[in-house]
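As structure tokens, the structure follows; a few thoughts come after it.
Labels A, B, C and D are assigned to the chains in the order they are written; within every chain, residues are numbered from 1.
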Amino acid sequence: MSRLVVKNLTKIFTLGFFSKRYVEAVKNVSFEVKEREIVSLVGESGSGKTTTARMILRLLRPTSGTIHFEGTDIWNDLNDKESLKDFRRKVHAVFQDPFASYNPFYPVERTLWQAINLLENTPSNKKEAIELIKESLFRVGLDPKDILGKYPHQISGGQKQRIMIARCWILRPLLIVADEPTSMIDASSRGGIIKLLEELREKEGTSIIFITHDLGLAYYVSDTIYVMKNGEIVERGDPDSVVLNPSHSYTKLLVGSIPKLYRKMEDI
Amino acid sequence: MASRSAVKYILRRLIFLFITYVVATTIVFILPRAIPGNPLSQILSNLSRVAQSNPEAIRAAEKNLMEEFGLGKPWYLQYVEFIGKALKGDLGTSITYYPRKVMDLIVPVIPWTLVLILPATIVAWILGNSLGALAAYRRNTWIDKGVLTGSLVVSQIPYYWLGMIFIFFFGVKLGWLPVQGAYSQGTIPDLSWAFFMDALKHYILPFLSIVVSAMGGWAIGMRLMVIYELGSDYANFSEYIGMKDKRIFRYVFRNSLLPQVTGLALSLGSVLGGALITEIVFNYPGTGYLLFKALTTLDYPLIQGVFVILIASVYLANFIVDFVYALIDPRIRIGQEE
Amino acid sequence: MENVLLKAENLRAYYKLEKVSVKAVDGLSFEIYEDEVVGVVGESGCGKTTLSNVIFMNMVKPLTLVGGKIFLKVNGSFEEISALSRDEVKEKFWGKEMTIIPQSAMNALMPTIKMERYVQHLAESHGLDARELIDKTLQRFKEVGLETSWLKRYPFELSGGMRQRAVIAVSTILNPSLLVADEPTSALDVVNQKVFLKVLMSLKRRGIVKSIILITHDIATVRQIADRMIIMYAGKIVELSPIDELLEKPLHPYTEGLLNSVLTPEPEVKKRGIVTIPGAPPNLIDPPSGCRFHPRCPHMMDVCKEKEPPLVEIEPGRRVACFLYAGERT
Amino acid sequence: MFLTMIKPLFKNKKFIIGFSIFIIFLLMGFLGPVFYRVDPTEMTWDYEQPPSPSHPLGTDTYGRDILAQLFHGIRSSLYIGFLAAIISLVIGTFIGTLSAVKRGLVDDTLMAVTNIVLTTPSILIAILIASYLKVRSIEIVALILGLFQWPWFARAIRAQLMSVMSREYVNLSIMAGYSDLRLIFEDLIPTIATYAFMSFVLFINGGIMGEAGLSLIGLGPTRGISLGIMLQWAVLMEAVRRGMWWWFVPPGLSIVAITASLLVISTAMDEVFNPRLREE
């Protein structure tokens, strides 16, 4: 059974007060994510991939279409507080900008406390909770001594992104939406973040949706790739078929334009 | 080459200002009716105090007042009548100067206020912006520090208090310039050279007090804008390809000035407020002085009339500034590509 | 030496703050030959953007040239531009001999005047005939793939990619010999990135610019157009090498790590896997002793903590700063 | 966190100067009337006297002591300023926050109202309202002034919150199950705190200046002495043209000193918290 089923998802933004303009950000998008599956939505800015992610995370209401998570329609069936909390526990996110992921007014562990408070079995006392936080930090290769009590500006971007994954380790969600999780950190730290997400999948069976503009990343990590353009999915398939044997003209253009490391473009 | 986007912009501003004007006149309508203690009865009791010597006038004014405020009619009819009259330019009859029409009292004093405010505002704007730009250009030198400190202090001096200081110093102590009025008492305004010179002498002090104290704010704002623009991408790039410093500074000046034009529109209200009070301090026969007279006698039709006229002029000036802005900023004239 | 265009000797430029100095460029020596493209690659904070300022002698407080020399070949003979003041270099060479495509090329053109006026002003600044320069710009517009009529427009009327090409056209209008492009592609979508690279190379092929320094964090982009590559780490050059050899066999452990962290849509990458360099780049106020990479290096030796490895040539054209290759010298 | 935030302020020369001047006037308003126990309304036969040992700042036409008036005036003017500033701050924060959080029609409507008030000269509306009130307490005057000076603040708050709300930590807090109210208090309000404080300082200026203007045309508080009332008396009694500088200079100078020091404080805060303007 599929963990997430997105069907005919559409989002239309209305702009302007007097003379209204409509922007179709996402058009009739459908896809599924299975248990343990890593799916990538690949597209450039304006392709509607982030809007799609926000709708799946229940941060933005779709104009039409449905999103079913574990069989529940997340926009129509989550009416009471408990079921919504359950959804929040099971579907989580790692965002693009590690600097914007932390409120500068609070120590960085605030984000971990938020996760603790979301748990079904909240730890009975503070000591237990702190143990849980420390354990999650060890999991992502951080020493709690370097992290606890620090403010966001005192730690590096790579460390910030690791703490976001520690948040996921506390919650152990069924689905993680990772919106460009590596695009704003240095290349040398990128691999670590990807490995940590893969580890979650291996150990917990988590499904992951990568939202990314980076076809290289998608090619490397995904089981299935969806290529988006102007709000629509134009191509879908396993990484090798999408990248090595694209069928849609846009995908062909995209693959042809991306600079490669081991090949020199002929036409420059 | 008015493009569609410019026309749209202007139209939008026009509609907005019209709505604003309707709202403002509605406030004028509501206030006397909504404030507890019924100010209208106050007016009537006040009336007898003002015009004690002439009982006939009182009765006439009373009747007139009842009619003008439409008392006794349902409120929505009162409102429609009120707005209709206001749009026709009929602002009613003064109580103090009965039976003169409010409009006839206001029209002759408007030129005095215009002559005072318009040049003073424009001169202050130009001087302030130039000083601010100069300070930013010579950032962290003594010129900058001097301009900044001076502007910070000067911008907080109320026009009218600076007026008092000027009157005391240049008028009373040094005796260089006349201490009140727009022209010498006893002279009759005409188009002669002598009258012009006399008016000019009376003009200098109120003019200067507005210019000097309004300048500071512009200088502070412009300094910040220029500092910001000097670090902008186009300034850096122009330098890298060998554009002369003088030219880059002109670019920066131009681009910093654009927001200051919009700032001018927003500041008009407070400039006007300050200038009105300055007129009172100088006994300068403009709108502010008329308003002051009306307030001391609680001549409500006149107060309302002055208010409606002043608000309308501020909106009109606002619109003119918007129009000029649309002309000089190509991003509005042509329309920015999203 | 005769085909060298730019030569840097032991360049050191620090941001001198109140109490501390940020050693952003700390002892760089390299040369740029005529008719070549050199990629300068490194992670954020390695000093590569500061290097572009130093090349232009664009020393604005608190950035200060602490030591070293830069020579630029002008009309066949070398000028020591590091001996001149910023204003002198600007007056004599900026726009004429050396030019830049800035990181934020989208906003680089004066927004509230038409581009034609801008070119006129540029002609005035350089004491040239305006008509001639406009004609030249029209020609250049055609070469970078822009409609000539667009010169009569405001920059904001063009799309981002087109604006970037207009910037290239304007910045190279006086045929400068050296072009420095600082992260020029980061704001563009991949299709426009490729167009940009094509335009850049066509300018070079036509001889409008002689040499290009491309500063970027993206090795795959550099790989497409560069002849040689400089790898920077923490304010120093760790490796300098022709590109094919470098990709074939990276010498410095940092270079190796960097290469293996690149993800491009290629089967080789999937096979290779992805590598992480543990730790984070040091801060440049108080960098580690000895080799600045030693705390993160998988091959760290005792000597690395104490002594700084010099940048030495170990193969023709290949220089590396690492003690692993100390034996191979001589 | 709070201490580390305000510490750099006390290293800024401008801030120290502005803060010191303001504190001096604050003390004059608070302690002046306590230590200088002269009744500012008591009329004596020593009228229109220049400064002398018995009346350090001289007397007015009714023989009232100017220094005593000044202390009481500073106190009332500061009180009006603070009160008006609180009112403006509350309205502005409420409208700005609601606009940014609710978006859509609520936002459009509130911003239309804001723009209307912004374009309308606040001093004129204040004059109109005040003219209908027969009795005006100090609090009423502060209310009239506070009601109309919030629009620019509401707009700025809205813009700032909009940008904060696009930050991902807000999404993360929503995903942690925060209610709107908790989100506003924990994530949104702290980020606008320094800006709100700077604006508060400028609102005080608006209140003090507005009171002086209203008083000068005879629409100030009907009881009590403020700096504006002192100026009004001076103008009514022709103190300027009769050369009684000790009467109109002190209150005006106090207004300028208080408002300028507050402006300097706000500017210095901008410099400290806004790195682009920081001097190297």
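Just so it is clear, a residue touches a chain if its C-beta (ideal position, glycine included) is under 8 Å from a C-beta of that chain, and two chains touch if they have at least 3 such contacts.
Remember, predicted model here, so these are calculated numbers, not experimental data.
Visitor: Select, from all pairs of chains, the pair with the highest number of C-beta pairs in contact.
Guide: B-D
Visitor: Closest chain to the overall C-alpha centroid, by per-chain C-alpha centroid: which is it?
Guide: D
Visitor: Quick one: which chain's Cα centre is the longest way from subunit A's?
Guide: B
Visitor: Could you tell me the distance, in whole angstrom, between the mean C-alpha positions of subunit B and subunit D?
Guide: 22
Visitor: Take the average of all CA coordinates in subunit B, do the same for subunit C, and state the distance between these two points in whole angstrom.
Guide: Taking the mean C-alpha position of each chain, the two centres sit 55 Å apart.
Visitor: Hey, how far is the Cα centre of subunit C from the one of subunit D, in Å?
Guide: Between these chains, centre-to-centre, one finds 52 Å.
Visitor: Using mean CA coordinates as chain centres, what's the gap between subunit A and subunit C in Å?
Guide: Comparing mean C-alpha positions, subunit C is 34 Å from subunit A.
Visitor: Okay, in this complex, where on subunit A does subunit D touch?
Guide: For subunit A paired with subunit D, touching residues are 17, 54, 57, 59, 84-85, 88, 92-93, 95-97, 100-105, 111, 114-115, 117-118, 151.
Visitor: Taking the touch rule as given, give the residues of subunit A at its contact with subunit C in the complex, in rising order.
Guide: 44-45, 156, 158-159, 186-192, 194-195, 214-220, 240, 243-244, 253-265, 267-268
Visitor: In their complex, what parts of subunit D are in touch with subunit A?
Guide: Within the complex, subunit D contacts subunit A at residues 1, 108, 167-169, 171-177, 186-187, 190-191.
Visitor: Sort out for me which residues of subunit D touch subunit B in the complex.
Guide: Of all residues in subunit D, those touching subunit B are 112, 115-116, 118-125, 127-129, 131-134, 152, 205, 209, 212-213, 216-219, 231, 234-235, 240-243, 245, 248-249, 252, 255-256, 259-260, 263-264, 267, 276-277, 279.
Visitor: Provide the residue numbers of subunit B that touch subunit D in the complex, in ascending order.
Guide: The contact residues of subunit B facing subunit D are 16-17, 19-20, 23-24, 27-28, 31-32, 35, 37, 39, 42, 140, 152-153, 155-158, 160-161, 164-165, 167-168, 171-173, 179-180, 220, 224, 227-228, 231, 266, 268-270, 272-274, 276-277, 280-281, 288, 291-292, 295-296, 298, 300, 303-304, 307, 310-311, 314-315, 318.
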